[in-house]
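Below is the structure I would like to discuss, written out as structure tokens.
Just so it is clear, A, B, C, D and E label the chains in written order, and each chain counts residues from 1 on its own.
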Amino acid sequence: MKLFGWFGDKALHRGVHVPECKEQTAHLPIRRMNFPPVVIVPMSQHAGTPAIPIVKEGQEVVRGEPIARPDGFVSVPMHAPVTGKVERIALAPSARGDLSLAIYIRPYPAASQEVLYGEPQNIDQMSPEEIVRAVQETGVVGLGGAAFPTHVKMKLPEGRTVDTVVVNGCECEPYLTTDHRVMVEQPRAVIHGTRIAMKALGAPRAIIGVEDNKPDAIQALRDALAAESAITVEAVPTKYPQGAEKMLIEVLLGREVPSGGLPSEVGVAVFNVATLAQIGDLLPRRQGLIERVITIAGTAVRKPGNYLTVLGTPIRWALEQAGATEQAASVILGGPMMGPTISSLDVPITKGVTGILVMARDSFNSRHTIFPCIRCGACVEVCPLHLNPSRLGMLARKGRYEEMESDFHLMDCFECGCCSYVCPSHIPLVQYFRVAKQMNRERKARHAAASA
Amino acid sequence: MNSQAPSRPPLSTADGIKMVRLLGTVSFVCGLLIVITHRGTLSAIGRNQERLTREAVAELLPGMQRQVVYSVHGGELSKGEGSDRLAGKIYAGYDASGKLLGLVMEASERGYADMIKAMYAYSPSKRCITGFKVLEMKETPGLGDKIATDKNFLENFKQLVYDPDHPIVAVKAGAKKNNWEIDAISGATISSRAVGRMLNRSIREMAPLIERNLRRIEKGE
Amino acid sequence: MNNQSLGHIFIDALLINNFVLSVFLGICPFIGVSAKLATAWRMGVAVIFVTLVSSLLAYGTNALLVVLNAEYLRIISFIVIIASTVQLVEMFIKKTSPALFRALGIYLPLITTNCAVLGVALFQTSRQYDFAQSVVFAAGASFGFTIALVLMAVIREKLELSDIPDTVRGTALVLLLAGILSLAFMGFSGMGVES
Amino acid sequence: MTGAHLVQAPSPSENYETFFNGLWKQNPVFVQVLGMCPTLAVTNSVRNALAMGAATLFVLVCSNMLISLVRKRVPKQVRIATYILIIATFVTIVDYLIKALSIAVYKALGPFIALIVVNCMILGRAEAFASRNPPGKAILDGLGMGLGFSFALLCLGAVREVLGAGTFLGVPLFGPRFQPWVLFLLPPGGFLTLALWLLVFRAWQSRKERKQEQWRAAA
Amino acid sequence: MPPLAPEIELRTSPHFHSNRSVEMIMRNVVYALLPLCAFSVWNFGLSALALILVSVLSCLVTEHLFCWLSRRKSSLGDWSVTITGILLALTLPPGFPLWMVAVGGFVSVGLGKMAFGGLGFNVFNPALVGRAFLQACFPTAITAYSPALAKNRFTEFIPTTFTPPFLQPPPLADWIERVRVDAFSGATPLMQQKFDKVTADWQPLFFGTVSGSAGETPALLILLCGAYLAARNFMDWRIAFSMLASAFVSGAAFHFLNPAVYPHPWFVLLSGGLMLGAVFMATDMVASPVTPTGVWIYGALMGLITVVIRNLGGLPEGVMYAILLGNAVSPLIDNLTQPRVYGVHPRRRTA
């Protein structure tokens, strides 16, 4: 709660101001990372059904060649990130902790790594349906972290229209600067991708929302746009979690996505800038997604920066390249607000990984005693969804998970972490909510099993 | 009581008669018991009540030998308790020689906690209140309830003048200047003032009636 | 005759001499039915209903008893009135609003032994309230009961999320809370008395 | 409204047990939490507490006896009505008796004498015990419960009078400069004192349980 | 890259954390209360100092005792009990017998806080529970006020301060006669207004050089300390503001209905414990609602009750009762004003 409200309309009213910590990498141009000795391509790098391998062990693959086909509509193909030999197809650990099927490819050290696969296609002559199919072929998923297949977002349910495409260039998580660098270095790809998305959805206009702590990105995009009128670039005041799609829609358009609903219900589709940059880049050449930009930063890394990394690169390799120091004590996949710490370095970088933070011990003041909730209401003030984390937390402590869902909208929470961030009692609210959601899911599954 | 079964089986006529008979018997026994108690205690209760008021009146009118009760009906005075137990009452007290010592009346007023009920003695000849006694109250113990016990406070009512031009009123402790004022108990202003108001209202209502009927009362008719 | 104004009587029964918190009537349901807000609220509504009806009936009955000079039957007739009022209200609600009946159903029989209801009838008689005063008094008393019950229920629901020490849990806790609430309600004493 | 207690019939093995059950083990106030209203309302002095206890004891014993006498003839359907009728009768009787004996006590207890009718303890004993046992036992049960109730009232009354007024049965205990804790005479004091007694009772019981467990563990 | 192996840190997000903590908030409230304590000592002398010290000490000891009894770690470190102690002292008359203060401290912490499970779980403001207990217990002693700026206040104690335990405090009238510097008669400005319809000037009320409870008099200083807390976001200014505003508005309504009886709204605002209550006690986070709409309703309700009790009730002061009643209603307010969750149409209430 602040003494003075924000009277400007285009800003997030809730949420928090977190330390940005972006100066470490924001100015560093994207560099290519060396290929690892082995790449691990999991079949499930996206939300939806896992892909099905179409290669065999021992088979040679060319960089860019499809190696797995989608299983159904809500699924995407995988492409070989490197030219090399399929070493084995086996279960591999993932960052979530469980095992999933993956294709291990050993790159040929001497082979050309130019992408030879793919052929040009003329997008202007394609129908929206054809674009959706083409996007699925590229294997592009939401690169902002959610990893939801992009073509699914481009396919509207019957009778629904989208009037605005919102391009999410906020990147509100501290430390991360991948989207920032993509906007600065590839503004044309972003805009091209935006046009493709508009065409696929039949949307007459698009807004690129960029937080005002990235003036160079805004400038680059505006320069690339020239006199174009259908696409506009809007600077929004920096605040976390503005990069969440519901929040950005509210800030830019003043529309509220119904609880449990999709943005298309209010005529909006939201895409991450990096996602659209990839589409703008890959679609005309009919190529697949094989690499992405990640930020490697943190307090225990010698060469922080934005690295163009082939998908499937083991994190251990990536950290060796960036030079993690002796002090490194924890590795966070993604940003410090929502990213999980990982326990194993032998998991690969997948399509949804936006960054890797290598932190020295005690980089965060996280060793506090937990006090009981003193009902200060700070969490209620910051929750972007207007939930009541204080009450939710107290219910969670007593194990009253069902009530949390039925009466206090637990399922709306997207775990942005604002409540935990501000809590003076240091209650790990978000963690409570994760547990509660999981317990509810398990209970429902049990019920379903029992009634079946 | 949740043990009461909500569903009842249908009753036959014989059952019904049995039930009525039983209830009748029980009611009869109960009624008998009540009536016996009522009859048995009636005189004791009457004596008790009479003694209570008598003692209170006697305390307010020292030296009283004989007491006559008048009841007030619509601005008229009539001798005896009367049938209407809600009517106001005036107790007249006489000394051994039959001279009127004073009149005792009841008054009540909202105090700090609940109604304060009190009796006071009034001397028609001196036109002043000569005694005061609290009958019932729930004033704060140790504070407001001093109106019944505080010596200095009760001293006020030894000679509190009824003056038609000046209302009886409680003033701040120690600020009493006129003999129609009451020195309040410090810290118990509200209770003290309630007493003042009570007396003022009651005496203003009763004094004209008493003036009119003074002759009768003096003779004890 | 009692000369108090209707407003006084209402405020007095509602706040100053709240039936539960300072006259100690209806303590059993106050302790027993105050664990959940929803049930407390329904109990409160049911009590308001029954109290108002039985207060009217008790007023009439008392007048009759006075005329017959049979005041020794007062207690018996009052308790009979209340028991039958509860039955009547139950039947009436069942006929007119089955939904309400489902909500209130299980609370209605409990009201028979709620001393607040009998208390209203006895107090209005002993204080010699007239008809309007009786109604207002019954309304104030039953609203006061409901207020206390609802307040206690929300507080107890809140405390369910707290780490109450084991020794205090249960009736003792409710009584402690009632004590503090009663302290807070003392602020109303002397209300409306000229100072 | 603790219905569970109402159907808890005491073990009928011994008269002795019947009597002491109510006095201590199943104490209506401290254990069963019944009859709260008079417990709180009239315990601001020992005298009132004792008078109330005696009145309740009288009603309880008499109604238990009468109900036990007619128990075999009462059909289920009119059971409660009969009990209430009987209880109300004895309450009326006690009302008049107190009025005849002492107006002062009568005034102090006020409508709470009449409210004995709705004391759930009495109806509870009628339903749970008197209606299932012969008169002798019913009287014993009534005595036990009534004395247990009076004992609880005395406990409260003693604390409240001693602290609140510095007196016991009207006799000053501490001399004139004692500062009375007026709160204990006021309604909040009733709640707090009862809460305190319940805590004491609870603590005592849990200690006993702990000891028994230890004893059992040792054996 | 060899590290990470032996003692890897596994945390859950968010890894960032603001630097605020309960201990820090509570400590700052204590800082904000210290000027009030200092003023109180200057205004009332040694007795006020003894009062504050004994009150804090008894609260600390009680909390420690209860922690020990329940075999928990001592919670003195979170400073919250210190606040309770100071607040309790500031609401008592400066010459309040110390043994009663100790009783009050014990009741505040024992009954008002630890019985409910300690910090974060108390339903009512602990200091006010203690104060209400004392008010009901010792109505005479708690209305025995001593004059402000008395002579010799730094060299002698108010005679009632060292009353032996369990005995009544001696009467103060003679002592007041001896030490007073103005026409003080033992009544605070509020009492004078209530019973004698004498309304005090605003300057002494504003600067606090009047009789009253130990820390409630300096309106200006309380506002400044509150402003510090509000500016550093350690206090919900909306509660204090809405309570004061509502008291002002309802006070004005009464005043303009009958100016002869009811005081001017400025007097309502500056006199008695309203400022202290609104700024430091109504804003007690634990006992107030958390919802944004709720806090406004909560404050407004307390302001209204304060004025109603002051103007219509039997007591000169109603802030304490108003806040306790507000505390009691606050869970209900919380339930009824749950924020409308983003994307949930139409407005749905959760009970």
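Just so it is clear, contacts are C-beta pairs under 8 Å (C-beta built on N, C-alpha and C of every residue); 3 or more make two chains touch, one makes a residue touch a chain.
Just so it is clear, the model here is predicted, and its values are computed rather than measured.
**Q** Using the contact definition given at the top, which chains are in touch with both chain C and chain E?
**A** Where chain C and chain E share a partner, that partner set is A, B, D.
**Q** Taking the mean of each chain's Cα atoms, which chain ends up nearest the overall Cα mean?
**A** It is chain E that sits nearest the middle.
**Q** Which chain has its C-alpha centroid farthest away from the centroid of chain E?
**A** Chain centre farthest from chain E's centre: A.
**Q** Among the chains, which is located farthest from chain B on the basis of C-alpha centroids?
**A** A
**Q** I need the chain pair with the most C-beta contacts, please.
**A** A-E
**Q** As a quick test, compute the distance in whole Å between the mean CA positions of chain C and chain D.
**A** Centre separation, chain C to chain D: 22 Å.
**Q** Hey, how far is the Cα centre of chain B from the one of chain D, in Å?
**A** From the centre of chain B to the centre of chain D is 33 Å.
**Q** How big is the gap, in whole Å, between where the Cα atoms of chain B centre and where those of chain C centre?
**A** Distance between chain centres, rounded to whole Å: 28 Å.
**Q** Can you give the whole-Å distance between the Cα centres of chain A and chain C?
**A** 60
**Q** Quick check: what residues of chain A touch more than one other chain, meaning two or more?
**A** 372, 391
**Q** Among all residues of chain D, which ones touch two or more of the remaining chains?
**A** Expected reply: 81, 85, 88-89, 92, 96, 120, 123, 182, 186, 188-189, 192.
**Q** Could you tell me which residues belong to chain C and also touch two or more other chains?
**A** Touching at least two other chains: 72-73, 76, 110, 112-113, 163, 168, 173, 176, 180, 183, 186, 189-190, 192-193, 195.
**Q** Which two-chain combinations qualify as touching?
**A** Chain-chain contacts present: A-C, A-E, B-C, B-D, B-E, C-D, C-E, D-E.
**Q** Along chain C, where are the residues that touch chain D in the complex?
**A** 21-29, 31-33, 72-76, 78-80, 83, 110, 112-115, 118-119, 122-123, 126, 167-168, 170-173, 175-176, 178-180, 182-183, 186
**Q** List the residues on chain B that touch chain C in their complex, please.
**A** Contacts found on chain B: 1-2, 4, 30, 34-35, 37-38, 86, 110-114, 189-190, 193-194, 197.
**Q** Can you list the chain D residues touching chain E in their complex?
**A** Residues in contact with chain E: 174, 177-179, 181-184, 186, 188-189, 192.
**Q** Quick one: which bits of chain C touch chain A in the complex? Just the residue numbers, please.
**A** My answer: residues 160-161, 163.
**Q** Please output the residues of chain B touching chain D within their complex, sorted ascending.
**A** Of all residues in chain B, those touching chain D are 1-5, 8, 11, 15, 18-19, 22-23, 26-27, 29-30, 33-34, 37-38, 40-41, 44-45, 48-49, 52, 136, 140-143.
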